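Every chain is named by a letter (A, B and C) in the order it is written, and numbering of its residues begins at 1.
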Amino acid sequence: MANAKFHPLEYAFWACTLLPFVLAPNYLSLASQIAITALFALSLDLILGYAGIVSLGHAAFFGVGAYAAGLIAKHYWTEPLSGMLVAAAAAGVLGYALSHIVVRFRHLALIMLTLGFGLLLAEAANSASDLTGGADGLQGFHVPGVLGFKFDMFGRTAYAYALAVLFVAFLVARRIIHSPFGLALRGIRENATRMPAIGAPSLAHLRKAYTMAAVMAGAAGAVLTHTTSTVSLEVLSFGRSADVLVMLILGGAGRLYGGLVGAIIYMVARDQFSGVNPQYWYFWIGLLLVAVVLLLPNGILGGLSALRKKPR
Amino acid sequence: MLRTCLALAVALASFTAHAQQPLKIGMVLTLSGQFADAGNQMLNGAKTYMKMHGDTVAGRKIEILTRDTGGVAPDVAKRLSQELIVRDGVDILAGYVLTPNAMAAGDVSAEAKKFMVVMNAATSVVITKSPYMIRTSVTLPQVMETFAHWAATKGGIKQVYTMVTDYGPGIDSEQAFQGAFKAAGGTVVGSVRFPVANPDFSAFVQRAKDVGPQAIFIFIPGGAQPAALGKAFAERGIDLHKTKVLGSGETTAEAALKSMGDNALGIITAWHYDYTSKNPLNVKFVKAYQGVANGRNPDFFSIGGYDGMHAIYEALKKTKGNTDAQALVNAAKGMKWESPRGPMMIDPETRDVVQNVYIRKVEKVNGELMNVPFDTIPMVKDPAGERRKQQK
Amino acid sequence: MLSSLAGVLFDGFAYGMLLFLLSVGLTVTLGMMNFVNLAHCSFAAVGGYCTVSVVNRLGWNFLAALPIAFAVGALVAVLLERTLFRRLYRRSDLDQCLFTIGIAFMSIAAFAWFYSTEPQSARVPSYLVGSFQLMGRNFVVYRLFLMLMGLAITAALVLALERTRFGAQVRAAVDNQRMARGLGIDVDRAFMITFALGGGLAALGGALAIEVIGLESTLPLSVILVYVLIVVAVGGLGSIRGSLVAAIVLGITDTAGKYYFPWLGAFLIYLVMVALLMWRPLGLFGKR
């Protein structure tokens, strides 16, 4: 696979992710939440960008991962790595179950069904307040640290942990995309009816992709739980599903780095705008989205690559 | 002699050092999303206090930094609180409209040893999250249990039907009200919970009406919903002489009364603050507030912010500008003052708010609908906090 | 029992009409023009705030405010269409989505800036307030008014789009732009007018909704947007009749569910949507 080799820009990108440790030690808490959101956006990219499944309910998996991690820490053990694996698996189970329904639909019906499942799950979590703590959030657990490093006030450990998980997940995603399976997915996205004819069982492929994305989203949720020692209904909310979709489109769907770039730009912009103007920051975020769409079609990465290819 | 001189010089040096550096208060609020209005009102309350009492206390200039969590988001609230401390060097944490956000930030206050003033978040257990925390708003059991007891005894109500929003504070209120109401000899003839996002209340109100209870108890969060619910009551033709409607202060907040009109007449509520109170301190406060908030009137979020700033100012005066969390919380414990809402105190043991609960009825005064208080239960402690104390 | 059923049907039907009024504009723009407009509820909020201003500041009658709300909503829609939205007709759904969410964000900030974050209300005339008795049951006057408005607008829309020359032109322009251009139809103008209609109807819906659901600056991205999307999806893209039926079905199930099985309250509308879409992915009346 020619594409599977790391491009120099990619080395540069990942080297830059280490810069906050040196250049912005006061921004590491933010950086850790950006890394978590980037992982979440990457998981959405797997299904939206590569398999063409537009989801407005992706927070379902993020939330299941987050709650599973919280419940494990509360009732069983507080070691995060194993907790994350179990939580991601739990999200994967839900993803696999739902995938049987979801992959059979396209277009608006697909979007609304994912939205519906997400909302139903959020309502269920609210109702099951004995298990989830309801609107007050899950209480009574604390994750002290990971691999002997304590989660500190500055977010050093939190960022290192989130970044490590993001990087590993990214390598996995990259492998998937460049494998024959990834190629088949893109084929299905372009023409769903033709692929079975050339020997790619499209529904089974889509189910697999959907499940993998759910696992990854669950891992992201678990890392959020571990690094903040809090879980609330917000992890399952429609708002979180919509936000991650916005970030992915902003960065550029179907480009592997799209979700990462989108999460970085959206969250840094939000942090800066809301720091300067806490009451009306969303005006400026809105302006940013509008400007990006007008200037750069198909997201920031899509627009930039189109600009580069354009003959001058 | 030399020693006194030295001590004086040191004290003076530290004093000037303090005086040069502003004292920063980090307010974590909800300024966008569903709870944006609450955050804005709270911020205006704090600003009003500073306008009325100056922005300098114990020789130090006070500076407020505001942050927006955008709604229920404990992870964000925790991060913003951490960042305010490590990035912006704030000395005191304040604000916190919502319970989950306050709970998460409580951990930060405990770990970083920072004084924290909760200006709303009304779930009882919030206060246990940090030993450096005080609360200047209200707790749900404080109002609801008091109200239920009042209703079953003085109010002469024997049966009640409860209607609450199906989320933490709603369920807490339902349980507090039902528990205290039954304990005082009343019976609960039915109950219903509304979904959190519920634009149309007609079916729920119709259901309550068809049960035909002697009284209906309501808990609903502020915003557009109280008005929608109130209208549903009005248009169903529920006769408030036959069926008494009982609610928390949000039910008959200013905007809700405005849109309900005369149909609201007769609704009985229990609450700790209303902007129409004739208390001279309140008249002054409301006037100053309107200047700060573009002519708007304060609500209970505003008074939480106002009294929160008062507690901070008075504690700082006692510590002479020292921002050590233990010193500040010690100074705040047992603090008593006259607030625009009436007398209040910070409980020396639980660090929670102690205040009057007013029983009010919606009446027309000079052509305007108002919550007119007709009974007062003085200096109520948080009953849930008292029970926790006994368990220990 | 029978009278409670009648009451529930009446309330549910009226609630459905309100949902229909709020979403019919999106049925037109999303369904007919294929433009993903997630800022649809911003137009509803424009209509709502316009009504608040006209009624509370100018002191005009609520009924007089309704056509004004429609006109202002349509005007804002035309301005946005001419300056911005038309550039996006050929872009991907995702770009349209991102762009209109950006507009919705900006509109929320603008409403909060001009009208504060306080919930607003507009007084309706006394003859629309209260209820009348029938079969020992109260029926709410305003809800009857909502029903009449909904039916009148449906009739007008169906007539305008299916029985007039202009309607035929719009449908032609939407179905096949190139062919329509070839036939000398001014596609640009047809799109502009369709968009104006969508914005105006949303604004009218927003104005009528204040009395039932209230009005806050966050309306553009509130749960109402979710309900509107549900109505459009369940009804079927581009079908006004479909939206009407979907809205009524959802309104009645939601109201009946809350009355008879309140513990299902929050779930029911989503369950019904999921079931209906699994049964008919294109919506009840969808063709594409």
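As a working rule, a contact is a pair of C-beta atoms (placed from the backbone, for glycine too) under 8 Å apart; a residue touches a chain by one contact, two chains touch by 3 or more.
All of these numbers come straight from a predicted model, not from anything done at the bench.
If each chain is drawn as a node and touching chains are joined, the picture has every node linked to every other. When you average the Cα atoms of each chain and compare centres, the chain farthest from chain A turns out to be B. For the pair chain A and chain C, the distance between C-alpha centroids works out to 32 Å.
Chain B and chain C have Cα centroids lying 37 Å from one another.
Counting partner chains per residue, chain A shows two or more touched chains at residues 123, 126-127, 279, 281-282. Shared interface positions of chain B, i.e. residues touching 2 or more other chains, are given as 32-33, 40, 166, 195-196. Contact of a single residue of chain C with at least two other chains is seen at positions 108, 112, 266.
Contact residues on chain B toward chain C in their complex (touch as defined above): 32-34, 36-37, 40, 166, 192-200, 202-204, 206-207, 210, 223-225, 227-228, 231, 234-237, 255-256, 258-259, 261, 294, 296. Touching chain A in their complex are the following residues of chain B: 29, 31-33, 40, 66-68, 70-76, 78-79, 82-83, 85-87, 99-100, 103-104, 107-108, 111-112, 123, 125, 166-169, 171, 195-196.
Taken in their complex, chain A has these residues touching chain B: 26-27, 29-30, 33, 123, 126-127, 129, 134-137, 139, 142, 153-155, 224, 228-234, 239, 274-275, 278-279, 281-282.
Residue ranges on chain C touching chain A, taken from their complex, read 84, 87-88, 91-95, 97-99, 101-110, 112-113, 221, 226, 229-230, 232-234, 237, 266-267, 270-271, 273-274, 277-278, 281-283.
If you check the complex, the residues on chain A that touch chain C are 54, 101, 105-109, 111-113, 115-117, 119-120, 123-124, 126-127, 238, 242, 245-246, 249-250, 253, 279-283, 285-290, 292-294, 297-299.
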